[in-house]
Amino acid sequence: MILIYFISALLISVAIVVLRKRGIVRVLASLFILLQVLLTVYAFSHRGETDLKYFTYDHLGVLFLLLLTAVGTLSVYHGFIYFRYREAGRFCYYHAALVGLIASISGAYLANDVTVVWILVEATTLTASVLIYHEKTRTALEATWKYLFLCSTGIAFAYMGILFLSLSLKGSDLHGLSFGTLATLASSANPLYLKIAFIFVFIGYSTKMELFPMHTVGIDANSVAPSPIGALFSSALVNLGFLSIFRMYKALSGSPIYEWMNHILILSGLLSILVAGGYMLKAKYPKRMLAYSSLEMMGLVAIGIGIGGVGPYAALLLVVVHTLVKSSLFFQMGQVNRVLKTLKLDESGRYMNLNPAGALVLLLGMSAILAVPPSGLFVGEYLIFKQMVASQQWLILALVMILLCCVIYGMATRVLHLLFSGPYVQRDEWIPGRVRWTENIGQMIFLALAFLICFYQPPFLVELIRGGIAGIGG
Amino acid sequence: MLNLFITLFAITLFYFSISERFRTYSVLIAVQGILLFGLAFLELKQVNIANFIFIAAETLVFKTFIVPVLLYRIISRTGVYKVHTRAFPSFYILIFTMVGLLVSIILSNVLHAPNVDSVYLAIALFTLFTGVILIVTHKRIFSHMVGFLVIENAVFMFSLAVGSEMPILINVAILLDIFVSVLIIGVMINRVGEHYSDLESENLTRLKH
Amino acid sequence: MISQFFFIFIAALLVFFIPSRWKGAYTALILTSGILITSIPAIRILATAGALVPAGEWLFSGALPAISIDRLAGFFILIINLTSLTSIFYALGYLRPYSPRINPMRFSIHYFSYFWLWASMILLTVIRDGYAFLVVWEFMTLSSFLLVVFEGDERKTLKTGINYLIQMHIGLLFLMVGFLITGDQAGRTGFDSLSVYFGNHDNLPVFILFFIGFGIKAGFIPIHTWLPQAHPAAPSHVSGLMSGVMIKMGIFGILRVLSAVQSDLLTIGLIILGISLVSGVIGVMMAIVQHDLKRLLAYHSIENIGIIGIGIGLGVIGLAVGNPVMQVLGFTGGLLHVLNHSLFKSVLFFSAGSVYTSTHTRNIESFGGLIKRMPYTAILFLIGSLAICGLPPFNGFISEYLIFSGLFKSLAGLNLYMSIVILSGIIGLALIGGLALFCFTKAFGMVFLGEPRSEAAAKAHEVRPVMLIPQLLSVAAILLIGLAPVLFVRPVMGIAGEVFNFQVPEEISSPVLSNLGSISIIAGIFIALAAGLWVIRKAVTRNRQITMGPTWGCGFTAGDERQQYTASSFADNFAMLANPLLRIKKESDGIEETELFPRQRKFKTHSVDVIKRYLYDIPSDWFLSVLKKIAVMQTGQIQHYILYAFVFMILVFVLTFFNLI
Amino acid sequence: MIQIGLILLAALFFPGIILRTKSIVSGRRGPGILQPLKDIGVLFRKGSVISQTTSWIFQAAPVIGLAAIMTSLLVIPFANFKALLPFEADFVFFAYLMAIGKFFMIIGALDTGSSFEGMGANREALFSMLVEPAFLILMGTFAMLTGYTSFSAIFSAFHMDGNPYAFIYGLISFYLLVQIAMIENSRMPVDDPKTHLELTMIHEVMILDYSGFDKALIHLATYVKFAVYGSLICSSLVPAGWNTALQAGLFFIIQMVFAIIIGLAESFRGRNKMFRNSQFILTLSAIALLAFVVVLILTQKLIN
C-alpha cells in the first residue's frame, strides 16, 4: 500500500505541475486527499503490519497519520479558498509541493528505520521551503532561506547523531538501523556514545518540533507561510519532529541513559516555555504568537515525556489535541487576514463585529490552546502536573505554572484585543473582507473534538496512545 | 598516508578561519573534496565497486568541482569578494578554531572506544566545530553557506568511519550533500541574489517579533 | 437531575440560532426551567434530614465521578438559583439598550455564558471528584470572564477581564496542586480522598493551598485584586450575580475543605479569622474612598466576604477548642451571611445598574437628586444599603448578630489568648459595621439625595418595571429573613452541623432561636412604632402650615448644586485618618497671590490600592519585563540561532560531565 | 414596663436640669426646668418650612430616629426588673438600633443638599463609627466578667464591690459610659450644642433645616437618648439586689447628677478642635481595652 501511495503521490504531484489548469489541479488535489484517507484507513486496519520493509503501521504512526489526514484535508480545502482571492499563478507549484509535503510526512510517520525517517524529514524540509516561499515577498524569502539553512544544519546534526548511534553499535551484527533493533541493542551499547547520539538527534530534530534550542526558524516559517500551510506546519510537521525525537527516545529508553534523556527533555522543555513566555509578551503578529504557543506546548510535551509516569501518555494527548486546536487557529488566521486586511496585531481589532462566526472559533480556540478546561489540553496538563506532584518535582512544577500563566496573559491579551477592542493604530480606509460562516465548520469540528477529549477520550485514541508509549523505559 | 590526509584536512580548516576572500573559501572546499576522496579511498576497501564509484563521483565530481564552481558563480554574480564584515575579527576566529581543535582532541580521547579510531573522530569533530564557528562568527550569508558545506564534510567524514559496515549510511550522507547543497546554493543564486545584491545577512533580519 | 441537565444544556446551545430579539427571553426560559429542576432536589434535601442522596450518574472521562447533594449543596443551590433568577430577568431590561450597538453573536455568547455560569455553579456544589471539580471550576471562570468582557470594546474592560482570567487561573492551579497532593494511591482525587489524606498528613500546608485557591475567587484580602476591577467592568446583572453568588463558591470550597480538615484546626481558624478581619476592615475602608459606585459595591463584597470569614473562622476555632457555642453561632452566622449577602448585594448592584442605565455614568460625584427621578430604584437601593450595614430589621443584621453573639457568648469561657482573639473579632466587626454605615450614608446620600450634580443626573428617569420587579423578589427575601429569622436560622444551623459533623445541642440552639424570636418581635414593634409615629405626624401636620422653600444656606441665598457636599468631601475626614493605608492623592493647583479673580479649576482625588500596588503590580511588572528581555533572543540572525544550539549542546555536555543531569 | 416609665420621666427633666445648671454656673437665673418641654410643645404646634430639595427621606428621618430610640427602651433593664424583652447579646441590637437612627438622620441631612448639613452628617458618621468599637468592647468586658450577654443579665449579675480591681473596672466602665453618652448625644467635648457657627457644629448643623413637628421629634429623641444612657450608667453603678424604692431614688439622683455633670462640663470646658475629635474618641476604645485587661485580671486569665 505504501508503495502505491508514494507512487501515486509522485504522479499526482508531477501531474499538477504539468497540467497547471486550476480545475484539474483541484481535482488532483482532492484525489490525493482521497488517497491519503485510503492510506489512513488501510494503516488503521492493518495495525502492526510492516510494509515494504522500512514502514510499519504501528500505533504511533497510525495515530499521527490520522491527525495528518484530518489536518491535511482541511488544509487543502482552505488552500482552495486561499487561492480564490489570489491570482492563480503559483497554484500548481503550491499544490505539487503540498502533495509532496504530506506524502513525505506520512512516510516519515510510518517509517521504522532511523535513516529512512531522516531522509523523509529532509524531504519535508525541501517541500516545505517551496511552500514557505509561496508568497514571494522579501520576508517570505528570508524565512525560506533561514528555514532551509537551519533545517539543513539541523538535519546534518541529526545525521551526526545517527552516525554516533551506529558507532556505538559498531561491532554488534547490525544490518540497518531500525528502531526495533536499536531498542534491543541499546542496553548493551556504550552509554556515552548514546548520549552524544541522542543530543545530536534531539537538537537536529528540534528544528522540526519547534522546541528549544532550534525553535527559531520554525516560528518564522509558520508566521510567513500562507495560513493553510502554517496550520500544517504547526501541527503535522511539528508532530513529525516530535515523533522523530520520541521514537529515538523510546528506542534508547531501555539503555542506562534513560534518566539522562529525561533530564535533557525537561531542561529543553523548561527553556522552551521560558522563551515562549517571553516572546508571547512581545508578539506583534497573531501568527507568530500562535507559533510561540506551539513552542510553549512542545516544551510542555517534552517535560511531560521527561517526567515519566503518566507523563508520556499526557504528552501524547497534548500533541493530539494541540494538532487539532492549533491547526484550526491557523486556518482562522487566514480568515482574519482576509477580513481585516492586515496581520499586524496593533492594526487589527473588532473582529467579533466583522466576522462573528470566525471570532467564535478564535475565542474557543484561544481558550482551548491555553489549556484551560474544558480544553482537551487540560487533561494533558493535569496529568503532567499530577506526575510532577507524585514525583515531588516542586521546583519544576512552580516554574511551569508561573510561565504558563505568563503565556496565558500574553496570548489572551492579544487575542481578546483582536476580538473586541478597536485597533491601536489607525489605518487608511479599508473595506473589511467577507467570509462565509460555512468556512468555519471544519474548524468548529476540530475544536469540538478538542473539547470532547477533556470529558471523554475515545477508546481507540487511548489504545493508540497506550500502544505508542508501551515499552518506554525498557 | 591516512594521517597525512587528515592533517592536511585540519590545515584547510585553519585556513578557513583566517582567509579573507570568498574565493579562497571555494578553493578550500575543492581541496577538501579531494582530501575526502583520498580518505574514502583508503578507508573503504571492502565496499563493492558500484558503491565506490558513487562515492568517488560525489567527492571528486560534486565536492571538488561542481560546488566550487557554483560558489564562484555566486561570487562573481554578486560581486562580493571579501569576508570583511564579520561579527568577530579573524584573530578571535582563529583562537576559537584552535580551542575547537583542542576540545575535539580531548573529546575524542574521552570518547575513546575500542572500535573507533580516535584520530578520525577528532578530526571529524573538529570539522564540525569549524563549520559551526564559521557560521556563528560571520555575518555574511555566503560564509554561512560555506560553514554549512564544512559541516557536510564533517558528516561525510564521519560516515566514512562507520561506512565500511553500513554503506547505506554513506550513501544517505551523499544524498544529503547533493540535494541540500544544490538546493541551498540554488536558492542563493536565484532568489536571494536577486533581492539582495550585497548578500549581507543583516538584510535578512527582519523576522523578529 | 443530571439527565434533565443535559437537555437544558443542549437547549441552551440553541441560543446561537434564536433571533436576536428573543435570545434574552429564551435564555430566561431555559434558565427558569433549569432553576426549577435543580431547586426541587435542593429543597427536598433540606427538608429531609437525610445525608447524601446519590443523584444519578454523570458522563465523565470513563469513570463516573461521585455526585451527591448534601445539605450544604442544597443550600448553595437555592442561593444560586434565587440570584440567577432575579439577575436574568433584570438582564432582559438592562441589556435592551445595548442591542443596536452590539452584534447578535456577542449576545449569544453572553447569554450562553450566563447559562454556563449558572450551570457550572450548580455542578460545583454537587461534584465530589477533584478533576471534574477543577474542570467545572474553570468553566465558571471562563463563562464569568466572557460575561465580564461583554463591553469589551473598551480596552479597560478587556484588560480587567484578562486580569480576572489570569488570577482565576492562578487560583485554579493552587486548587489543582491541592487536589493532586491529596489524591490517593489509585490516583483518585476529590473531596472524599481529602479527608483520608488529612487523616494522616499535615493539614496546614494543603489547607493553605486550598485556601489561596478558593480565596482568590472569594476575594479575601490580599488576594482580592481582581474583584474591585472586574465587578465595575461587568454589566450590572453580571456584577450582581458574581458578587452575590459566584464569589461565594470560594466560600463553598473553603467549607468543603474545612469539613475534611482534622488537625491544625486552631491555626487554620486563626488564619481564617485574621485574614477575614483584615478583609472586612480594609475592604470597607477602600470602599469609602471610591468614586465609582460599582467599585464601591465591589469593595463591599470584600468586606462581606470578610464577615462571612469571621463567622467561619469563629466556628473553626470553636471546633479547635471544643466550644459548641462558637461552632454553632460562627458557622450559622457565616452561612447565613452568604445567603444574606447574595440578596442585598444583588439588589444593590441591580439598582446601581439601573442608575447607570439612566445616567450612563458610575461616578458618584455626578449623581444627586435621583430619588425624585427614580423613586423606586431609590427605595430598593436604600433597603439594600440598610441591609448591608447590618441594621435591623433587615437580614444583614441577623447574620451579624449571630456572629456577634457567638463572639460575646464565648468570651467568658476562654483563656487569655483566645479572649484576645475574640476581642479583636469584636473590634473588627464593630469597626466594619461603623464604616459600612459611613460608606452607605455617603453612597445613598450622594447618589439619590440633594440636587443633581450633572446634566445626566438631572435627565435621569425611572427604569422599566422589568428591571425593578426582579429586585422585589430579593427585597422580599431580605425582609422575610430580617423579620422572621427563625425560619431560616434553624435549617442553616442544621446544615452547619451536618457539614462539620457536630450535633447542635438543644441547650445552644433553643436560646438562639428564642433570641431571634425576640428580635422579630422587637423589629415588629420598631416598625409599628415608626409607622405609628408617621401616621401621627401626618395627622398632626395636616392642619399645619407647611411652606416649601430653598434649603437654608446660612444667609447665603445664591447657592446652587455645585455647593453641595460631594462624595469626596464627605469621605475627606475619614480619608485623612486612613491616608497611611489608602494613599489618597489630591491634585489641585493653588491660587496665586496676585490672582484676584480665580479662573476655573479642577480638583482631583484618587486612591491607590496599596496592597495591589506593592504586592502585585510592582513585582509582576518586574517579572514581565525580565521575561520580555528573553524575547531578544529572536534576533533574526542565523548565526545566533546556530549559536543557541551550540551553546545548548555545550551546556548539556558540561552538565553531563559534572553529573548534574 | 416600670423602667420605661421611669426613663421617660427622667427624660422629661433631663434637658431642663442641664440648662438650669449652666445658667446658675454662669450667674443667671435661667429658665424653668420644664422650659425645654415647653419649647417642644411650641414646636409641635408650629407649622414648618421644608426645603424643595428634600424628599420623603427628610421627613421620615426624625420619625425613624425617635422610633429607634423608643424601641431601644425595650431592652433596657432597671434594678432587678428585667428589661421588657431581654435576650442574649441584646446590646448588639441596641447599638444597631442607635445606628439605624443615625443612618436616617445622616441621610436626612444629606437630603437637603446643603453643604453645611453635609458637613455635619459627615462628622456624625465618622464619630459614630469610631465610638462603636468602644461601646462594644465595653460590653464585651461586661460579658466576659459576668458571663452573660444581655443588659438585664449583665447588670443583675454585676457588682463592683469586693475586689479592688472590680472597683477600678467599675470606675472605668462608668467613665466610658458617660463619655459614650456624651458623644452619642453630641455634647461636650466632641460637640457643642450651643455654638453659633455652623462650621463648628455636628448635630445641630445636621438638623438645620428641620422645623416644627419634625424638629420636636428630633429633640424628643435626644432627650430620651440621654435618659437611656443615664439609666445604663445607673445600672452599672447600682447593684441590682438593692431595694427597689432605693433604686428608684438612686436612679433619679444619678440621672440628675449626670445632667448636672453635663451642665458643668459645658460651662467650664471648651469643645475639642474638630480634628482632635477622632483621636479623642479613639482614646475611649483604648480605655475600653484597658477595661478588658482589668477584666482579664479579674477573671484570673492574666495572672496565675
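Letters A, B, C and D mark the chains as written, and numbering starts fresh at 1 in each.
Following the convention adopted for this analysis, contacts are C-beta pairs under 8 Å (C-beta built on N, C-alpha and C of every residue); 3 or more make two chains touch, one makes a residue touch a chain.
Everything numeric here is computed off the predicted structure, so don't read it as measured data.
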item	value
For chain D, the least number of touch steps when starting out from chain B	2
Selected pair, greater C-beta contact count between A-B and A-C	A-C
Cα-centroid distance, chain A relative to chain D, in whole angstrom	78
Approximate Å spacing (C-alpha centroids) for the pair chain A, chain C	43
Whole-Å gap separating chain A and chain B, where each centre is the average of the chain's CA atoms	31
Whole-Å gap separating chain C and chain D, where each centre is the average of the chain's CA atoms	36
Of all residues in chain B, the ones touching two or more other chains	135, 141, 144, 204, 206-207, 209
Overlap residues in chain C, where contacts from two or more other chains coincide	631, 634, 638, 642
Residue numbers of chain A (touch at least two other chains)	146, 149, 153, 279, 282
Pairwise chain contacts, counting only pairs that touch as defined	A-B, A-C, B-C, C-D
Footprint of chain C on chain D - complex, ascending	44-57, 59-60, 63-64, 66-68, 70-71, 74-75, 85-90, 92-93, 95-97, 99-100, 102-103, 106-107, 110-119, 121-123, 125-126, 128-133, 135-137, 139-140, 143-147, 149, 198, 208-209, 212-214, 217, 275, 278, 285, 292, 296, 299, 301-302
Interface residues, chain B side, partner chain A - complex	110-111, 113, 115-116, 128, 135, 141, 144-145, 148, 151-152, 154-155, 158-159, 161-162, 165-166, 168-169, 172-173, 175-176, 179-180, 183-184, 187-188, 191-192, 195, 204, 206-207, 209
Interface residues, chain A side, partner chain B - complex	115, 118-119, 122, 125-126, 129, 133, 138-139, 141-146, 148-149, 152-153, 155-156, 159-160, 162-163, 166-168, 170-171, 174-177, 190, 192-193, 196, 220, 223-224, 279, 282-285, 288
List of chain C residues in touch with chain D within their complex	368-369, 371-372, 378, 382, 386, 389-392, 397, 400-401, 404-405, 407-409, 411-413, 415-416, 419, 423, 426-427, 429-431, 433-435, 437-438, 440-442, 444-446, 449-451, 511-512, 514-515, 518-519, 521-522, 525-526, 529-530, 533-534, 537, 540-541, 544-554, 559, 561, 563-565, 569-574, 576-577
Chain B-touching residues of chain C, taken from the complex the two chains share	631, 634-640, 642-643, 646
